[in-house]
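Each chain carries a letter (A, B, C, D and E) given by its place in the written order, and its residues are counted from 1.
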Amino acid sequence: GRAAETTLVILIPSDVANLDPAFCMDNVEWRQTYVAYDRLVQYDGKSTKVKPMLAESWDISPDGKVYTFKLRRDVKFWDGTPLDANAVKFSFDRVQKMGKGPSEAFTVLSEVKVIDAHTVQMVLRHPFAPFLSCLATNGGGIVNPKVMREEKNGDLAHEYLSTHLMGSGPYKLKEWVRDQHIILEANPDYWGGKPKISTVVMKIVPEPGAQRMMLLRGEAHIAEGLLIEQIQKLRGEKGIVIVEDPSQYCCYVYINTQRKPLDNPKVRQALAYAVDYQGIIKSILQGCGTQMRGPIPAGMWGHSESVFQYQRDVAKAKQLLAEAAVKNLKLKILYSDRVPTWAQEVMILQANFRDIGVKLEPEMYAYATMRDKIDRGDFDLCMGVWMPDYADPYMFMTYWFDSRNFGLAGNRAFYSNPKVDALIRQAAVSSSQPEREKLYLDAQNIIVQDCPYVFLYQKNYLLPMRSNVKGFVYNPMLTNIYNLPDMWIE
Amino acid sequence: MNMLTFVSRRLVAMVPVLLGVTILTFLLSHVIPGDPARLLVGQKASDEVVKRMREELGLNDPLHIQYWNYLKQLLRGDLGMSIRNRRPVVQDLAERFPASFELTFVSLLICVIIAIPLGILTAVRRNHVVDHVARVLALLGVSTPVFWWGLLLLLIFYFRLGWLPGPGRIDLAVPPPAGHTGLYILDSLLSRDWRALGSSLRHLVLPAFCLCYVYLAVMTRMVRSSMLEVLNLDYIRTARANGLPERAVIFRHALGNALVPTVTIVGLSFGELIGGAILTETIFAWPGLGSYMVDSVLFLDFPAIMGCTILVCLIYMAANLIVDIAYGFLDPQVRWG
Amino acid sequence: MGEKLLLQVENLHTYFYTLQGVIKAIDGVNLCVREGEILGLVGESGCGKSVTALSILGLVPSPPGRVEGGRILFEGEDLLAKTPAEMRSIRGSRIAMIFQEPMSSLNPVFRIGDQMIEVIKLHKKVSTGSARIQALEMLHEVRMPDPEAVLAKYPFQLSGGMLQRVMIAMALSCEPSLLLADEPTTALDVTVQAQILNLMKDLIRKRNAAVLLITHALGVVAQTCDAVSVMYAGTAVESGSVESIFRSPAHPYTRGLMECIPDPSRKSGKLKIIPGTVPDPVNPPPGCRFHPRCYKATATCSQIRPDPVRVGPDHVVCCHYPEEG
Amino acid sequence: MCPGAAARNYGLREMSPWMKDFLFTIRLVYRNTLAMAGIAIITCLVLVAVFAPLLAPYSPIDISLDERLSPPSASHILGTDEMGRDILSRVIYGARISIRIAVTVVTIGGAVGSILGATAGYLRGRMGSIIMRVMDMILAFPALVLCMVLAAALGPSLNNALLAIAFVQIPKYARLVHSQALSLREKQYVLAARSMAASTPWIIWHHILPGCLSPVLVLATMGMGEAILLAASLSFIGLGAQPPEPEWGAMVAMGRQYLMDHWWLATFPGLAILVVAVGFNILGDALRDILDPRLRR
Amino acid sequence: MTRMPEPLLEVRGLKKYFEIRKGFLMRTVGWVKAVDGVDLAGYPLETLGLVGESGCGKTTVGLCIARLYEMTSGKIYFQGADLTSLAGKRLRAMRRNIQIVFQDPQSSLDPRMTIKRSVGAPLAIHGLAKGRALEERVADLLRMVGLDPQHMNRYPHEFSGGQRQRIGIARALALSPKLLILDEPTSALDVSVQSQILNLLRDLQQRLRLSYLFISHDLGVVRYMSSRIAVMYLGKIVELAPSEDLFCMPLHPYTQALLSSIPSTNPAHRAMGVTLEGDIPSPANPPSGCRFHTRCTYARAECAKFEPALQDAGAGRYVACHFPLSDSR
């Protein structure tokens, strides 16, 4: 009957580890937390612009260093505690005191001041243009300060929040049976109105084949773990729709610029010329993706169609190698089974590089080990993917190219160019978007010539779901996160 | 030697083995390259954050200190906190173990139920067609990847025919039975929750069959060869010379003795399966130890790896102990000698 | 000694089909056991004594063995023509067998009582209670100390001599008319062997059962048996009453055997020997099987198999040139 | 002076005894249909591995993105995989790796296990029980985890995976040989050797180990198939042969993702594993019969 | 019989207890007193027979003398030298003087070794010969025991039982020992083969000037082979006498029972002498006093209390009995 139809079943490939918003850094964990906590601002539909959420309005001081927010007055946490300025201060202080991954987005934040019960002021160390965008990330969720009752050994209630949700959002955690399912239930008293879907079940089904069967039999509404090939096969099946949207999920190859002969830009360019970009997109992505043009992906402001884009050109590549006087080059490429398409991409790269006389040896490691090697720079080439946490080119430019971010932190090519450093550091503190755009374009042009990464493609977001699920909107900043309060089942 | 001293002797003998296992796991899990602290704080974290994390996890101490600390914890029954999900490893294991136990137990039960008659049949009809067919069928089981059978079974019985439920331990609509063991079948029986019983039994069928097929061959062969062995013995000849009917000779006189080695195999397989059913668990979304263990290794979650290993070793040893006790019941020489 | 023939084995052939070839374990054996008589079956190890007994009971392990020819007449009926079910009803009740190794011939996981009662119940169709009483009686009769306790014991808890007594009690409990005793005392010490043999003799006389006593100890035969058959390499070479065979062995092999026994009176000299070794059962020599080792062999011996010749009352020998008394 | 033996060995009389025994075994093998079937399968495998370059219609590693996932057809008899590589060629080349796996694992595991087991069984006492306790430990260890951890520690390569699998196999052989050695050490010829002042290693090497050979041989043949399968299951979790090496287990693992729509990817290498495992298994079964002293006499 | 003043082998107070371990942590809960105080002396060139029923400890005595068992207590002197204290190199060297031939020719040869390797093993172990020299030495040995050296590349299973026992003897002779311990060398063989081996042994004794310790339970064979015979019962020597004297007039009741239990091969002599009742007690729990009293027809109350010592009964005879048999009884 009707009651049953207000349950949404999402198949997910693996269990999540942690639910503490000041701790978790993975989109699959945000899937649960994002709907449990409210933020000051939120993304507006498909766009990367922000709109008010808890904050009804805000002011930014002229120097771009002080943000003043006016909070809604009707918001209560699930336990009835009113959500006020203190809660906001508590939440941001907590993130910073915890000092885990999410705090990275708020390093610029120097102080949160409670002006009155419903006014809160945030002081930045220096102007930081993407700050509002940061507030829409998962780390900006407002946690009920009462959680401190659960604190143990000064852990700021981390242990408790790892397995519990304590917010004011539209969904609460009803049940979490490890490796079986996570069940969220609607918060009937939500200030934004009671969500239509009363229960959301995240059922863990690791095997893609099994997920597909369940989806086809209508036992599940959404399947997250299907491979591209399988999704393509689902096209045209009755009762199934496939959401396809451009995303900012970027796939690229790190080139260790500190190693000989990869320290020579010509060699790196030769590699970039050797790659069969269109072949990869056509075969591995089944056409559901586009080749990247420069480091800033399409869909993010700052992206420019004028940036140079490498295309497969074997002759050119050979010529560059000859100019660099490199012969019989043998390289190792690091990857893991974390991303299922990596193995195939590596094989294509191997074939491509063979054409220009470069021998590529694949080395597959467990994901954890691979990351360790990346951090230590112990590789020649390495496969990588990147997704922005908030809608700002900073997410790409500073992380990837700033020589302060060597290693796993982001600059995985160990790329260092003082000119680029200067440009992107300036862009980071400027609050004028046109100026930043200009700075980033200059930087991109240099970078593309230096070629510290091979920019492969931007993958489309593909999600198969039952056609009776309505209202889902994909926001490129919120991959794996569902706008559950706006969704319903017909 | 009475049973009690025998059991306690075996228990004491387990201690050095367990200790060795902890040392071995500890060393092994620490030689794997990779930094759990880095994994924990997320990839965009700065070095500063990582360093703090390392300290927090005690990863900067010398290895022997780390081991000693671990051992001290262990003696208190504390397996530490999982690095991955910040929960006590004991709690994680306590949730997965019943699922694994249930699956393993049921599939071995099915296996024994099929393997014993099949083994007897093939032994008695040695080199007849039945023998060959049974052997080839059983061989198919050992030589074919589990996921093949798994997906095939799902495809037929769940997807096409709809006779059996899909992946999972119990229907979503059915609340798990109340109880403390975590074994759904036992719990639902105890609490007379027939709906849960039916649902969990139906969910068990496919994975249990899938898992049991692997061991069927080994066990059938074991029963067959020990049966052949026993049928050649003098006292079987005596039984025949006394004019006992063939049925009595095979089932009364031969089978009891032939079961002894089979019991060993069952015990060993139990230990092996409890942590080794990774693929079956994956395909049937079974929340067991196997996949937990693999995830832990891939994540370099040391406390979880150690916890799993110790648990699996304990189960293995317990299974062997039970086998030894079963020996006592099957073989009076052990019981009285 | 009654004159009625109880068991008659005629020209029996039992072969084993092994990977190495066909082993002609029994290749022409003739035997007869009269009622109330103890017939000794002697011969070297491997000459086919046990297989003869197993053939009579229809228990030749198959594969690889098979009875290939001949007749086994028991009380006038051919056992080889019987169905398995008929054979089962004969085994244990009319023909019983005692095996060589008492320890391995009893099921280790059942109590002595269980095993005895099972057999008595099966053949005598009585209740467990009365089967138990009969088992106790039998154990008493074989002079087992404390039979009650023994019934509750497992085989490994008894000594070899006691087990052998259990075997005898079990074999005799259904009052068979023929007892096949396959080396019943080789596993025992001389002093215990003497006890057991005496006991067996008494019991059998009491019940008027005939016995085929298989052994290779000539002393045991001389002390226990009424008649003797001598086997060599799968064939029966000589048979007759104990006295005649021991006094005047007619076959060169029998004679050789007798002479090999160390003679205390001729201590200084060399012992007599039979030269050569037992033939390979896969490729036995043609003609008389003994001819390669026989001191009086001729060309005839290597070509023609000798037929049984009567050399005295009840004394038959298969030799072209039997020894003179 | 040895008429019995002479009569038995007419035609073979002049040959060396080793040769005779060998020929006898061969004759038994020849007469045993199962053994012949097993040998035929394994011979085929070896031939395929040796002549792989001649037999394979295509290169096993050249990718051809236009022909991805094409079903079996005239040009690609077993179809192509997700990289457009010819599956038949990959299966053929895969035989090389599989043989390497089987042989290395069984040789290392068998040799080390046998020596440890023989030593433990012969010495008994403290040394023996220490060895066997260590073996128990390895056995109690979840095998896959042990393999994973070892392979991860040593670095992922086929050779390291093989070492790991071999390591896990050791206790099996050790146990088998141990129990055998316990009975062999009571043999009078061992006592005789001691009375001749033979040293412990001499006795283990000359009496105990050779005495355990035939059960070890049987276990080893059975183990070959198992080793291939274990290597395959390591491939499932990404340890073992590195792409694009055409290892069957890795092919099956990759093909699993495509099983529902493109069945041929996993099925053919899976069948290859099956055939080889069956081959080794029936050879092992037959060898057990042939080496059985009861049947051999 | 001429008695040499200097014994070749002297055993004094030999005891060998095997532990019975049981219970928690395998504590020793008892001892199998397999050999419990045996004194023996063997003289050069003689054959000393050792008889007794199965399990009475004969093999254990033999193995202790060959130092294959560590004995519990007692001393063994060989040519006046204390064997018990030897170890290492000196023990190795001493082993060459005492060799042993086992009961079962089948299990005393490794089925996987050619005859050449089996017989040559002692030479190889002691580094006495190599290559061709070793082969020649093996050929000599085989010839000595009446085997064709051409067969030296064969395996044990290609020989008959008697031939295998010859091979065992050849191997024992390889190190040119002075004392050969023969542990039931013919009990696994048939009568016809047995006589071949016995002939060979007597022959070799004369040619190689060997001394034998001949262990057997077959009294007929022992009588034929030995000059003196020791009778064992439950780990103790109960009687020791020159062989003819023993057979003509046993002094110990056990010897008497043993002799009369031998089935005579003469069907005319069916009368059984003294037959014993009951089974042999276990050496783990031997009866008190005289160990034989539980089965002895002549036992009196004292027998259960006091243990008789082995006493000189004159004429080179010794007996351990409170009431030895005599004609006067």
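In this text, a contact is a pair of C-beta atoms (placed from the backbone, for glycine too) under 8 Å apart; a residue touches a chain by one contact, two chains touch by 3 or more.
What you see is a predicted model; the values in this text were computed from it and never measured.
Student: When you check each chain against chain A and chain B, which touch both of them?
Tutor: Chains that touch both chain A and chain B, as defined above, are D.
Student: Indicate the lowest number of steps between chain B and chain D, counting one step per move to a touching chain.
Tutor: 1
Student: Mind listing the chains that sit against chain C and also against chain D?
Tutor: B, E
Student: Where the centre means the average of the CA atoms, what chain is farthest from chain E?
Tutor: The most remote chain is A.
Student: CA centre of chain B versus CA centre of chain E: separation in Å?
Tutor: The answer is 54 Å.
Student: Could you state the distance in Å from the CA-based centre of chain A to that of chain D?
Tutor: From the centre of chain A to the centre of chain D is 47 Å.
Student: In whole angstrom, how far does the Cα centroid of chain A sit from the Cα centroid of chain E?
Tutor: 88
Student: Just curious, how far off is chain C from chain A if you go by their C-alpha centres, in Å?
Tutor: Here the centre of chain C sits 90 Å away from the centre of chain A.
Student: Name the residues of chain C that each touch 2 or more other chains.
Tutor: 277-278
Student: Show the residues in chain B shared as contacts by 2 or more other chains, in ascending order.
Tutor: In chain B, the residues touching two or more other chains are 32-33, 147, 151, 155, 232, 297-298.
Student: At which residue positions does chain D touch at least two other chains?
Tutor: 2, 4, 8, 152, 237, 259-260
Student: Under the stated contact criterion, what part of chain B meets chain A in this complex?
Tutor: So the residues of chain B touching chain A come out as 32-36, 38-39, 41-49, 52-53, 84-87, 92, 95-96, 147, 150-151, 154-155, 158-159, 162, 166-169, 172, 176, 282-285, 287-288, 291-292, 295, 297-300.
Student: Show me the residue ranges of chain E that touch chain D in the complex, using the header's touch definition.
Tutor: The touching residues are 63, 66, 68, 91-92, 95-96, 98-100, 102-104, 107-110, 112-114, 118, 121-122, 125-126, 146-148, 151, 153-155, 158-160, 163, 168, 171, 174-175.
Student: Provide the residue numbers of chain D that touch chain E in the complex, in ascending order.
Tutor: Result: residues 1-2, 4-5, 8-9, 16-17, 21, 187-189, 191-199, 202, 206-207, 210-211, 213 of chain D touch chain E.
Student: Can you list the residues on chain E that touch chain C in the complex?
Tutor: 53-54, 160-163, 190-196, 198-199, 202, 217, 219-221, 223-224, 247, 257-258, 261-268, 270, 272, 275-280
Student: Would you pull the chain B residues touching chain C in the complex into a rising list?
Tutor: Residues of chain B touching chain C: 232-235, 237-246, 248, 253, 256-257, 330-333, 336-337.
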